[in-house]
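In the two complexes that follow, chain A is the common piece, with chain B as its partner first and chain C second.
Let's turn to the complex of A and B:
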């Protein structure tokens, strides 16, 4: 719009050519964004207004019936609760492990650079591979976790890690934390390295101990990066699918069935593409709230 | 009021020896500057005193107490850092109150103490600001406030003025002198700026390569440098340093500098050399007289600075730096008469660099300073 307006005002052919060049240069980005974000978004909203049979993608207009059905079902609300439990639980552990590990790696420990690379391993390993390994560790017949617990006399019988509640939720939360805490480590470690050493020395002289220095110097300096990390990870954990799906498939009895799993189930298990789209749109609304907080903060921080 | 003593203190960082062995006794209530070029170990010395660095050997005492094994917070010291090190998320008030809070001063007593410190440093209107909303000079004063609020026994300051512009620095120098006079506390001040050291200190410890070169009052340092390093380091522009020889002639020492030959006062040296002695002499720019005298000098360069000019001249193969009044008319290339104030010539052993001048009352035109 701005370009068009400036084209009107100026008859300078050189400037017009530059404006055209500008449009050409941003066109690929705009087209790609439209193809991968705008089209699916509109398409999802569109689909949610139909009753659609997935294999044929044919169906009839139902208006807001899908929304009435979804928001009226207990399945949606319990899945929302499960999603919140999973997100809050795994995020909490990610932050605690992540900050603790970043603090450790910021010290002058032996093999620091090796440790720094190793800690990224869970983040880079494929989810499928990671989950298969964890399922193997969790297995109640030959899994090493139960085996070790029995060896040390903590339990007498193998623990059913994934087939019982609350074990299944705890396991999913824990594996999620293991998989994603390196992201927190990277972000926090980068920030830790920019905290001036003299602040710690001043605090030491002022009489602050280890905890005083952490709470009065480190934590306030980490506040901004932690806010961003928490917002991003909340969004990402909220929509996490493959890790949970592969680990428990939503079981036992839907106890770890989060919203993304319902979407999948509706779309490809029950072949109800319209209802699936409705769940997806509902999920998007929840995440939109987080997005708005994120955008608001990001805007406020850049002057 | 408390003394500070370094007793054979050594500090090595791995294979690097920063301080080979330091003996320094600071009297109660003194303002001592550690002065020397960058990397000479000033900060290391101060940090050992603060407890931020552990000496490799030797003993550090504050008062009668050996502090080697005491944590920084147990030493009853306060430190002002070059970067100020203010806590960025705390207001000025919280910054100043922080050491009180951490030392368990009752909450009810803190506001009055913070207010007293703020009043002393004119920080009253700034108390609710954050450090980033302050100018460099204001941040500096907050750092001072945080240091003095809990009335430590010793103040440590590491180049606290070096991040300020020249004008503000001059202002803060005066404020620090005033602060020292009012508090009467022992202060140890690290600087590489001789002007700061000369104007503020009761005594200056000149350091080089981790070794203490001279520890004396500013006037003494200026008028009686203990060795060639101090002679060359103190004074702007620097003294003229030149190698020469001294031989006795009918009971009077005669100095040969290149082709110049001049007779020194008979009591100029602490001992009379047998035969010829190889020496290094140092002459202050203001101890060289232009316009009279038996030596001929060739003017190489005139640098007018306003009220005075710095003139570089050659006389008898020696290049001298001369300070003359700003209205002196001189041109490069001119040949002029030149003389030296013989009684003010500093003589050092060329091998050891040690001062050879006899102690004479006349040579120490020193104003004894005490603000306590």
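Let's turn to the complex of A and C:
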């Protein structure tokens, strides 16, 4: 007889009723989680074992053939490389811009409240609208960016921002950073406001300058929040679809085609839902691996 | 009993014979025949809503659709039409999701004929034979519905218009200024003309080099204009041939005459480049006429068009016509009302204004409409009579990937091939990346074979 079973027998009816009540109270949450997370996950894995024509959702069992096809194709590895480049590039800029802006907004500057509100604008504006604005800015014939560069004599001809490498990737990374850095600002600014002022005073007395105070006081204090921010933003950026699709459509020559774009094209362009699900599952595995490594390292480094 | 039978039964029960409804009264009669079953519906509590999808949704066109909708709704109390715009780039995904989730539009218009063939081949569309009969087969131009004929002897859709989508648009003022005496008829002449006209902030041409459907559709035309084809008549991959290399070479040589951003151009950007005066030539359908008239009237008197030049005078012209269609998904609710609405779309009172919302862009497929005085009286149709007639002729003889030549079988995979962007990828790899043409074409041929087998 196990200890648990023994304890269960020694529980009085009231305790058992409380336990039952606990199960009942938690059941809706578990059911909802199953419906929105477990079911889609199992469904995606299940679909990945079939060859399915999207419009009819009819297909045949192919077992692991889709995985062999996906992992054996250069397209997957090239898209994975592109996805990592995009994610690392845009995340780096988001963190740099976000922390810098949060530091600025933490100072006693004029119109600070207004500035704090305005800085959130890119994050709240719809991606479609943001992309339309940027596409106009990037436009070769009428865009202000090329116009200014020509005016200042930096270039002779309009710059091809979105149709040529490495410009296309750089543009996508920059627009992504512009769109999502306010999230970093919100999180970091909230943490900055809770750092005790005495720490800065002590550092100043010890002779620390601006950079010293930042690296020895601010950054260590931001470490926890940055860990969470990087974790969340990595997940979100890794699966970013609309911004890249609308800006470049994956071009030129698939050079900005990330994994989510392949999933979309396979599912709804080529009507191969099974292969699309395989890509999605592969994406999830890659992301899971990255996250585990990141969390393991973050935990090891924490005191 | 399928919904089609219900429709016929309702019509017969209304005391009007199907024959008299279809032939005697035409589309109006169809609507009248429908009015009896719908009269009962008017009293019913639940109104019927029909969803209508189309990628042709410019503000002027939307205005005309709303007028057509209002007229139909007024004649059929209890029926509401909800128009939902889709796009040339987005419709494959939207329709795939709609079919999969069974959240289908009742009627889809202005998609290419090969989309209709593709969906019908998968058993997803309703045959349109009775709608065509209701409109009146004899009213169509001969062969207008040929691209919709299916292997089982039905029609998977019907033509709502013709489009000469890759006409060469020219500016006579710039030609004169540059000393270009006549419209180019060969690629060499076109290249020379672009070279002469380029300068002073004006580029030669707005050819698309983007990774999108426009690049694929346009470049297919160039392969044909070099004397080649993508598939043989029995649909074996035939792209790996000298004409494809020639087309790539020409397309590459034109890059220097196109704006830098042409590497990301699709239909909208290409059109705007010509209409705004940023390029000396254009490649587009008749929407140029309306846009130039309203957006850049200063060049309106100088604009003209010809069929796009070929590699040499020995190679016949090939015009891309996407054959804008009307089709109805199978197993939708309210099939009778949907078919009545489909036929209603061709009634002159609504069809003519619909066509004139973009004069010369979607060209009539009904002889009766092409000769209609209201249609012919439109100022743009009047002003550009020669261009519109030329486009009508080119479009009537036009082809697309679903129907490359008269000898070809319908290509049921054309939709997926365009959505896969493999042809655009070919262009980008050779033109932008400078990859070896022969090796790249071979690679793309394998991809096409894979798509045909999938």
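By our rule, the second predicted complex is superposed on the first by the 261 of 303 C-alpha atoms of A that agree within 3 Å, B and C clash if a C-alpha of one lies under 4 Å from a C-alpha of the other, contacts with A are read in each partner's own complex, and residues count from 1 in each chain.
Keep in mind that, in the parts below, a residue touches a chain if its C-beta (ideal position, glycine included) is under 8 Å from a C-beta of that chain, and two chains touch if they have at least 3 such contacts.
A quick note: this is a predicted structure, and the numbers were derived from the prediction, not measured.
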| item | value |
| --- | --- |
| Fit-or-clash call for chain B and chain C when the two complexes are aligned on chain A | fit |
| For chain A as apex, the angle formed with chain B and chain C - C-alpha centres, to the nearest 10 degrees | 150 |
| Greater residue coverage of chain A in the superposed arrangement, chain B or chain C | C |
| Which of chain B and chain C A:205 touches, first, second, both or neither | first |
| Which of chain B and chain C A:141 touches, first, second, both or neither | second |
| First (chain B), second (chain C), both or neither touched by A:217 | first |
| Chain B versus chain C as contact partner of A:81, first or second or both or neither | neither |
| Contacts of A:264 with chain B and chain C, given as first, second, both or neither | second |
| Contacts of A:72 with chain B and chain C, given as first, second, both or neither | neither |
| Contacts of A:54 with chain B and chain C, given as first, second, both or neither | second |
| Partner chain in contact with A:157 - chain B first, chain C second, else both or neither | second |
| After fitting on chain A: smallest Cα gap, chain B-chain C, Å | 51 |
| Residue numbers on chain C that touch chain A, as the complex places them | 89, 92-97, 99-100, 119, 122-124, 209-212, 259-264, 273, 276, 278, 416, 419-421, 424-425, 428-429, 432-433, 451, 454 |
| Chain C-touching residues of chain A, taken from the complex the two chains share | 53-57, 138-142, 157-164, 248-254, 264-265, 267-273 |
| Chain B-touching residues of chain A, taken from the complex the two chains share | 196, 198-199, 201-208, 212, 216-217, 220-221, 223 |
| Touch list for chain B against partner chain A, complex | 50-52, 71-73, 77-79, 81-83, 85, 87-89, 98-99, 102-103, 146 |
